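Each structure below is given as structure tokens.
First subunit A sits with subunit B, and in the next complex the same chain sits with subunit C.
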Partner chain A sequence: MIRIITFLSTFLVFAFGSAYADPKKVGFIYIGPPGDHGWTYMHDVGRKYMESQLGDSITTTYLENIPENADAVRAIRKLADSGHDLIFTTSFNYMDQTHEVAKDFPDIKFEHATGYIQADNVATYSARFYEGRMIEGHIAGHMTETNTIGYIASFPIPEVVRGINAFYLAASKVNPDIKMKIIWVFTWYDPGKEADAANTLINQGADIIVQHTDTYAPCQAAQKAGVYAFGQASNQEEFCPDAHLTSIEDIWGPYYAERAKAVVDGTWSSGDTWDGMDKGMVVMSPYNTKLMPASLIQEAVNMEVGIKDGTIHPFTGPIYNQAGELVVPEGEVAPDGMLLGMNFYVQGIDGEVPQ
Partner chain B sequence: MNLDLILGILQIVLIATTPLVFAGIGELVTEKSGVLNLGVEGMMLVGAVSAFIILVITGSYFLAFFVSILSGIIMSGLFAFLVLFLMSNQIATGLALTIFGIGLSSMLGKQYIGTPIDGLSPWFFVFFSFLIVFLVSYFFYKTKAGLILRAVGESHNSAHALGYSVIKIRFLSILFGGSMCALAGSYISICYAPMWQEGMTAGRGWIALALVVFATWKPERVLIGAYIFGGVTILQMNLQALGLRFPGQFFSMAPYVATIIVLVLISSNKLRIKLSAPASLTIPFYKGR
Partner chain C sequence: MNSLFPSIVSRSQSSGLMNFFVPIISIVLTLITGSIIFVLLGFDPVYALYTFFISPISSTYGISELFVKATPLALIAIGLSYCFKNNIYNIGAEGQLTMGAIFGGGIGLLFHDTNAFWLLPLMIFAGAIGGALWGLIPAILKTKFNTNEILTSLMLVYVALFILDYLVVGPWKDPFGYSFPKSRPFSESGRMPLLFDGLRVHFGLIITLFLIFISWFIFSKTIFGFQLKVSGYSPKAARYAGFNQTTLVFFAFAICGAFAGIAGLAEVSGPIGLLYRDISPNYGFTAIIVAFLGRLHPIGIIFASLVIALTYLGAEDAQLFLQIPSAVGFIFQGLVLFYLLGAELLINYKLTYKKLL
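For the complex of A and B:
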């Protein structure tokens, strides 16, 4: 009897397994839960888009809430050991862990989000979120009445510092009196602490809250206090309709689909991708027509067009650092190398980047 | 610095510290009876998610908090059953309770993530947290029942020999701890940051545990410790926003460092008595020995 069952099950596996022509397995490592309505949520939206595009030729798995420490090695290795062909690690601080595992599995392809070190089987990808920060800064410069912007920053990595600078450069261009108050919370994900930071900034006179953390708690706090806010990573308008001006949305789906397709076709190669609004990787949520004047919305839309066709760059010289040294000369734009390693504030921002 | 600014800071500190006071005082009572429950974080999360779900379904804040506290009683009751009747190891069981709570709350809350709710004003709970610390302190040091509870935590064999039911007293203490942790969790998801997000307590359960040690098992010191921690966190945010250079990382780590220092201090026996650590903490009680 047992023999018959064994035979039957073996037969079934072969009969149906071959019908799917060996789908490629794609794995994801998430830093938070897919329900954060922020960073991880958008990676998960991307994963689902990839599934919808590639259908039966892939299967996907994800591991959520993976801390950026030795646990990440275990998690990545687990995906590698269980026969995944392509693994996306979706946070900056998975960098060392990704490379550690990738060394042991040369046949498996890895994709590290927001990283800057590549290997034969490790590609990196990121989006030019700072393009969106420029538009937010422009809007904030017009909308603020107290001339005080509250900025909730997570960790002092180039990605975050770049956003602050892009925001400030645009805001101070339209409103030279603008002041930035920045709080580093040293976490991506803690709704309570994010709300505390927002309330602290509002208490100190900020009437626009900008966040580089993952939940909609700051936007909620802004709504409650009657000030404006920008959402993060996904459209957060439904949580704070009277505060939300716009959000920068991260659109990963097309990139994920393209890279998975390359693995299916056997054409994948390592590389570095850093796309922005022109490729649709960074998208602005619908501008809030209730709160913003039509002329300002038009300016923002024009800016989007300029960024897409390359006539506007958020880091166009002259740009000075806090010490007053010229870092980008007039008429030039900051090279990608400088942007990728940005660890200084531009002139006009108070305080120092924590070391 | 004007008065409005200072009042504003004070408000934020009060709102941010309250969950630590609830969870800390609950765990303190549990530990005073001689049981260490490391499941604080898990119970907080289950409390947070159950309050949120009930609020979304019924729209009643009262029912939300009621069911949340009930969930804390069930979770801690499970723990109490395992450690008091099946004599399982308290540390391992408590850790398992946290892991269980994280998983259970994620599962229950899956479809409620991102559901908007109207937050409740925190001020009643802020007041209540002070009241509960006062009541626990009064109970411990001014009532006979409190003395008995402390005796059970110090030497369960002596208490047993005097005719007190060690198991019953510990069971009730654990349930009180569980209900306070659930209250802390529901405060977070309904008042503090009105939303449900997986793992949204973000380590506050562990800070509460650390606070109990830091407070050397004294109720009023839990309150003081919680406010030192909450105050420092909010103060450093204010200093940052004022543009002063400030090592934020240091203050994220401070409560843990303080706890380690206290732990090192009480590992010497003489001091331990002075610092009033319950002598029977984590030691299982076998009836009839």
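For the complex of A and C:
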């Protein structure tokens, strides 16, 4: 008897369950418009991937151009009020605002990108972009002729400092003479400032431009000046094909799909996710075969494999800070705690982190 | 027989009736144009306008948010009207707002672990001082060196923003904030009290209404208000009457700066609670539209601030329910300003049909 009931109920669930279950609503808060490149674009690509994976079991909406101030609370609450079950806030500076709304809506799940505070219904997620920086550094060490790298940095936060260090450690390993020139532009998105910074760095002798900002302006400036560049967040090859070596791409889709699925299944739980190349959250754009020798491309690909299987770590000791103190002993790798709070340059980088 | 096309004739006296109707005409024209845009985009215009203008304020929370958004706009706009009435084009309210947030917020950070009744009043006072001092710079430059206040006040906006940048990246950075560019939070007594539980509308609204009332009194009942108006209409007449233009410029800038400074402080000690880089979504610039839409009149400014605030809220509902890009909100603001400037013609000119025969 019980088996019959079980069978019948299973049958009913399969036959009607999917038709009767309301689709879960997933909302996104974007700092900019999705556009065709950069940070928000990649989150939107992730959103669409999630839609394609989960089909009718979810619907998605987004609010774009939400400033990182008091307005963000209203926007996040608007999503919460309009029946969203899962809300992704895709910029660091939505942190306090996300928590402010989340505490009033305990049944709604929130996911805050690049944040460091969790709650029962607020998870955080970010990507190990520094793994890509290591590969960029390795390529730059081989490709530079002036031994000068121009690095356009956004804000002196651990993520950016970590990227600079990972890049330098790899670059100086293949080319000990390498020098880094770093310009802090204090913006994530400003084509004018980014292009100015790129031109300044090129005038100072940099023949490779690295950016931790969002637009393709630095890459185009590099192309104009006839030097190389790495793109950021999305594949920038189409904007500067003669300068672009590769880009670090942020691939959020699989994570978004997994988290949305967990909400659909009722298995979502809070936590902190920090994935890298092994999970496909950080991906290198196709290496430029016109500009890079095949052997170097092979080395970069091998490096990717090593990072994925854990045999290579960008922060493997011995690592010294600028004062010459050993911060990561030989044979060890930097613990996540050190990486998350990183606010110092490694030995060999000139200047200091703006304080 | 009359000519088909009207000709524009100057009025002997500006029309008080039109003064009242121009904002209404421009809003009606904006709604009509907006409907046409919605139709062209393939939306039912009635549903679209409902989504844009009614749905955001169909809940208590929505109405509270409308006031949260309108409060800084109205406060800055009423301050700007001291300048604009006197034909002083202070367009640097955004900088004065930022300086108010820095001064007032600085006090808040200094006493971040103090809980005392005097903290918030001190912060408000400091905010007013900060804004006023920042406003006085273009006033001095204008009166001493005859510089153009449009340029100087605008440039000082960016200076103020860079100072705030420097502070939150450097000395005022939260020591427990992983180097992110933001300050530590203010203490509980450094925050604007909320007027209702669970809603974000805060004490800044009361301050704003109070200052609007005071301004109404100054504009209509005091010699200072009269002087502002006269020297705005006719600087020569004002000089003959012995009004000191320099003093007026100083007062106008100081008051405007102080109001913008209080607005900035109210924003950081109200809904935000700490200092970071993007404290204002361009309130200082949007308030210029509010001031003109409200015809520089206290009551007009209150309504204008609500209308403009609504365009922000509406843009979010339009995205959510119609999937229209957020730029639609700016289109509405642009349309209002465009029609307002156009319809302004009707105040000092009238349309007449010439007799041909």
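Methods note: the second predicted complex is superposed on the first by the 334 of 355 C-alpha atoms of A that agree within 3 Å, B and C clash if a C-alpha of one lies under 4 Å from a C-alpha of the other, contacts with A are read in each partner's own complex, and residues count from 1 in each chain.
As a working rule, contacts are C-beta pairs under 8 Å (C-beta built on N, C-alpha and C of every residue); 3 or more make two chains touch, one makes a residue touch a chain.
This structure is a prediction, so every number in the text was calculated from the model and none was measured.
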Room on subunit A for both subunit B and subunit C (clash or fit): clash
Partner chain in contact with A:317 - subunit B first, subunit C second, else both or neither: neither
First, second, both or neither for A:73, with subunit B first and subunit C second: second
Partner chain(s) touched by A:343 [first = subunit B, second = subunit C, both, neither]: second
Subunit B versus subunit C as contact partner of A:33, first or second or both or neither: both
Touched partner set for A:186, first subunit B, second subunit C, both or neither: both
Partner chain(s) touched by A:158 [first = subunit B, second = subunit C, both, neither]: second
Which of subunit B and subunit C A:254 touches, first, second, both or neither: neither
Superposed model, subunit B segment overlapping subunit C, candidates 44-52, 80-88 or 116-124: 80-88
Doubly contacted subunit A residues - partners subunit C and subunit B: 33, 64-65, 186, 354
Residues of subunit C defined as touching subunit A within the complex: 59, 61, 65, 68-69, 165, 169-170, 173, 178-182, 198, 200, 267, 270-274, 276, 278-281, 312-313, 316-317, 319-321, 323, 325-327
Residue ranges of subunit A touching subunit B (in the complex, touch as defined): 32-33, 35-37, 64-65, 150, 181-187, 189-197, 199-201, 203-204, 206, 215-217, 220, 224, 238-239, 350-352, 354
Residues of subunit A that touch subunit C when the two form their complex: 33, 61-65, 67-71, 73-75, 77-79, 81-82, 92-93, 96, 104, 116, 155-158, 161, 186, 340-341, 343, 354-355
Subunit A contact footprint on subunit B (complex, rising order): 5, 8-9, 11-12, 15-16, 19, 106, 110, 113-114, 116, 119, 188, 192-195, 197-204, 233-234, 237-238, 240-245, 247-249, 252
